[in-house]
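Each of the two complexes below includes subunit A, the first together with subunit B, the second together with subunit C.
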Partner chain A sequence: MSSPIKVATASLAGCFGCHMSLLDIDERLIDLVGHIQFDRSPLTDIKKVGPCDLGLIEGGVCNAENVEILKAFRRQCKILVAVGACAINGGVPAMRNQYSLAECLEEAYLHGTGIDNPQIPNDPELPLLLNQVHPIHEVVWIDYFLPGCPPSADTIFTFLDELLSGRPIQFAYQQIHYD
Partner chain B sequence: MTNSFEIDGITVPFSNGQTIMDAALTAGIYIPHLCHNPEFKPHGSCRLCTVLINGRSVAACTTPAGEGIVVENETHELVTQRRLLLKLLFVEGNHTCPGCEKSGACQLQAVAYHCGMLAPEFVHFYPKRSIDASHPDTIIDFNRCILCELCVRASRDSDKKAVFNISGRGIQAHLTIDSPSGKLADSAFNSSDKAARVCPVGAILPKHKGYNIPIGQRLYDQAPISQVGDVAKHQEVADE
Partner chain C sequence: MIADDAPQSTTHMTSTGDGSAHELLQRLIELQQTYHHIPWTEIERLSRQLSLSQSHIVGVIEFYSFLHTTHQGEYEIFISDNITDQMQGSRLLAELLAKGLGIEIGTTRADKRVSLNYTSCIGMGDQGPAALINGYTLTALTTERINQIIQRVDASTPLDQWPRSLFEVSSKTRRKDIILNSEYIPGAAIAAGLKNGPTSLLNQLEQSGLRGCGGAGFSTASKWRFCAAADAEKRFVVCNADEGEPGTFKDRYLLQAHTDRLIEGMTLCAAVIGSSTGFIYLRGEYRYLLQPLNEILEQRRKAGLLGQSILGQANFNFDIKIHLGAGAYICGEESALIESLEGKRGIPRSRPPFPVTQGYCGFPTVVNNVETFCNAAMIAQRGPEWFRQVGTPASPGTKLLSISGDCERPGIYEFPFGTSIRDILHACGAQQTLAVQIGGAAGRMIPATEFNRTIAFEDISTGGSFMIFNQNRELLRAIENFTHFFRHESCGFCTPCRVGSSLLAKQLSKVMVGHATAKDLDEMSILGSLMQKTSHCGLGQTAANPILDGLGKFPSLFQSRLRATSFEPAFDLDASLEEARLLTGRDDPDAHLEGGGV
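Coming up: the complex of A and B.
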């Protein structure tokens, strides 16, 4: 194997479940260590994405910061992959698309149960929410999709293993599911 | 001497009056389909069973089998076309698989797995649709309806009730319920109706038993639809 490939990862409007699934590949991580070097990722805490061979995006796009991060990833990554249901179709966060943004905020911060001092947060540091949650392919070009909520560790490992070895990417039947 | 024709090079026997789909199902050859159920009159609307006969596209569920015809089914072109149709179905509704009780036993998912769909890839419509939870035993989630008309046919032809119908045209087409309030609870629907057990997706679901079978142990979790067949067939067996 030649020099390690650079990989960046990010969780946008996701729950970090797909990142947990990546860690779930367990002792096979040791096989990957020599072949992969992490750039920006919650695993390294590097904040800015540099030039990478592979970008893995978990979660859909729900706010302005998500859009910026996603566009930065697209600029820097040769291959960009949508990992998991939320990146692919918005997933559970996109269920808010049934309501207006005002309705969502009012329910969460003004009229919901057990709310003390009701007010809609408006600190300038908070990224502005988009009207709807979007799948990431609606914002940038995506090269590959790994479905699942989350994609199983096996699916993620198969993908990385086949990508690293240059084989065509193929999955066993049980490795592809949308739930 | 029985009549026969060919599907992807395999000789398939048929009897008079059988469609290509009937003969294929009898012979154990899988042609993807969503709106077809052998118990009801073919509808030919989902177009997933489109096959080629001498280069002409036809719906396998409505086209009669004929002596010596040569049918193409699992070709690269047809599988790609089917994948396209499936992607359109996914973006047209709200199919949040991780939050759906039918997941794992859903025919829309299973056919998409069979056709190799990884993601819908088109712009999602996110239509605003409602849920009808008025009935004590059955819930209707309009977000997931794919307009296959199987409940319409089952209620009309089997249950003799005509509880369901499709109204509107094009993108406005939607499932309606025949009752004074438009709600299922006020209709003649009963959870023992045939119409309660034919939905290929999670649009008509029984209440109170959503997760009796855990995710991971469901019909299509381990084996593809080409081996285990339609979910409606299995629902019948489970109910008996």
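Coming up: the complex of A and C.
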């Protein structure tokens, strides 16, 4: 392989577990170093995504900022991947979908136990919450979905390895099945 | 017919009373009727009596639409929500009813007087809009009838004092052919069967070419023969009267107007395969038929046509029990039906083994549709040549069709197999027809260019549902209705169907609200074909049919609603911030999102 591919990653409404799983590919990271260059990512602290070959998104879409980031990734990345259960289904954060946003915020900031000076935060610095948490494919087109909570390091490595080598992407049964 | 039994609320039931776990579903149906929910104390009691875990019992309750752990109203009302009901104005009437009762659809009123919900097609397509109240069928609803209902609920009038006319189910036939025109002679088929012996009868059935009328078209003679040949100490005869396919109601007609033929056919089958016990699995939506059916069973026992020593034959004993369903479409699938007969959740079994070798309680079981048993009785009475005089070589005889939707004369029609759709449309007075949905939600949507095709197993096979849409109809609404139907009725056992049916419904709604692009249509096709290939049973394998047929035969329905961009969000981004804006009082630029895709 010649020049390294550019990769950007982001965690939206997720727990960073998928990013941890990415790091969990251990010494194989060294194999990847020569082939991958990170753009915007929690690993680099670059704030704005530039033109990339691959974007990896962890987490669902829960607020206005998530929407903006996701759209920026879609504009800049040739291939965009939903990594993990939350990106694919909304996951744990989407459990709030059975309540109204008002119920959630009132419970957290007005009526919950041990609350001092109850008020719903309204600082313009804070991104506004969407009334529901959505999987990312409901906002932008997604090219690949990597299931798992998180997808195992093996799955992530296999995906990157096959993508880099230009092979059709295929997984061993255990890598994408959980039954 | 008038549902005379409507008033008798709770006592008359079907359970075997033998204290076995198979009784569970029937016991739960009784409890639901008595208490309008299943109280926890009763779950504990059943758990002890039947030696079942409480979670198993709750699992069964939650599987069936008509059973609830939460309190429903003293009047439990379900509005039939098939597309044909909607075309007759059911949604508006439901809203009127909700408003009059001071209740939201899908809820129980605070005083527990009444609950109101939608339900899947209840088999009244020819006399809708229709509804169920405490299990009994209300037909031909109008604003005037809705007002009558509201008044009586408000006055707490017991159901037996409601006007009979509200419960009237007409069983008019619009066209008769050899089956319905032939006179049924009580006991003649059984007598012929007993006189000539099982082999001769099976040969007759084989020569007649009778095929299963539920839609799959398996040879009836082969089914009975396999069952008879299976090595076992007991065998069972089961009539599938769980007529749940949206738009079909011909079994309702047969159960109501030709009960004797059905029972004769089942008794004949028992004689052939050597069975002493039969079941009629009657869908919960037809519970108004329970008492008349039981009365006819009793009459036949008295006449020596059922029970001990049938027709004086000392060693021929056969009796029939009626088992009620509780609102689950999947129980029309024969192995799910057997699970339900055994009192469990109606989840289809893996096949093989097929029920003919391992069915009810593991014993060989014949499961046939109502119409199949009726036809078998008439063939035994009249002979195979009589049956073959109409129809096609591969599909002999006739088919009962339940015709509904946009036509002048909806109702029951008997047509020879091989009749063209055009001729059927002409016979029922359909005009300017855009499409016909044949075989129900799981069937096929046929465009006008294919109206020369015929009703036959070798062309378009059907269990009998025939829904007509004229050029003023928005076909996408029908496709949406069927897709939502499958999402609701998926039993949840296998992932392709459970998840796929939800995804399809979501993607279709993206099309309906105008957020979809060409890529979404490709996704729907891929998902649909995945469901066809990988689902556990026929439900999942056909759940994508409405969308796939729509995409294949009516692509413009979808394309006209697409965005030209490459991809669009499935929901309105800015609108979904509205609640947060209200809560925070913000309206700054960052409190808004631009719409549109990337």
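The rule is simple: the second predicted complex is superposed on the first by the 176 of 179 C-alpha atoms of A that agree within 3 Å, B and C clash if a C-alpha of one lies under 4 Å from a C-alpha of the other, contacts with A are read in each partner's own complex, and residues count from 1 in each chain.
Keep this in mind: contacts are C-beta pairs under 8 Å (C-beta built on N, C-alpha and C of every residue); 3 or more make two chains touch, one makes a residue touch a chain.
Predicted, not measured: the structure shown is a model, and the values here were computed from it.
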{"item": "Subunit C versus subunit B on the shared subunit A, clash or fit after superposition", "value": "clash"}
{"item": "Subunit B versus subunit C as contact partner of A:173, first or second or both or neither", "value": "first"}
{"item": "First (subunit B), second (subunit C), both or neither touched by A:95", "value": "first"}
{"item": "First (subunit B), second (subunit C), both or neither touched by A:59", "value": "neither"}
{"item": "Partner chain in contact with A:132 - subunit B first, subunit C second, else both or neither", "value": "both"}
{"item": "First, second, both or neither for A:14, with subunit B first and subunit C second", "value": "neither"}
{"item": "First, second, both or neither for A:145, with subunit B first and subunit C second", "value": "first"}
{"item": "Superposition clash, subunit C against subunit B - the stretch among 38-46, 128-136, 308-316 or 470-478 that is involved", "value": "38-46"}
{"item": "Subunit C-contacting residues of subunit A that also contact subunit B", "value": "132, 134, 138"}
{"item": "Residues on subunit A engaged by subunit B in the complex (per definition of touch)", "value": "82, 85, 88-92, 94-95, 97-98, 132, 134-135, 137-138, 144-147, 149, 173-174, 176-179"}
{"item": "Subunit B - residues contacting subunit A, complex", "value": "90-91, 94-100, 103-104, 109, 112-113, 118-121, 123-124, 126, 128, 215, 221-224"}
{"item": "Residues of subunit A defined as touching subunit C within the complex", "value": "64, 67-68, 71, 74-75, 100-102, 105, 120-122, 124, 127-132, 134, 138-141"}
{"item": "Residues of subunit C touching subunit A in the complex", "value": "519, 566-567, 569-571, 573, 576-581, 583-586, 588, 590-593, 597-598"}
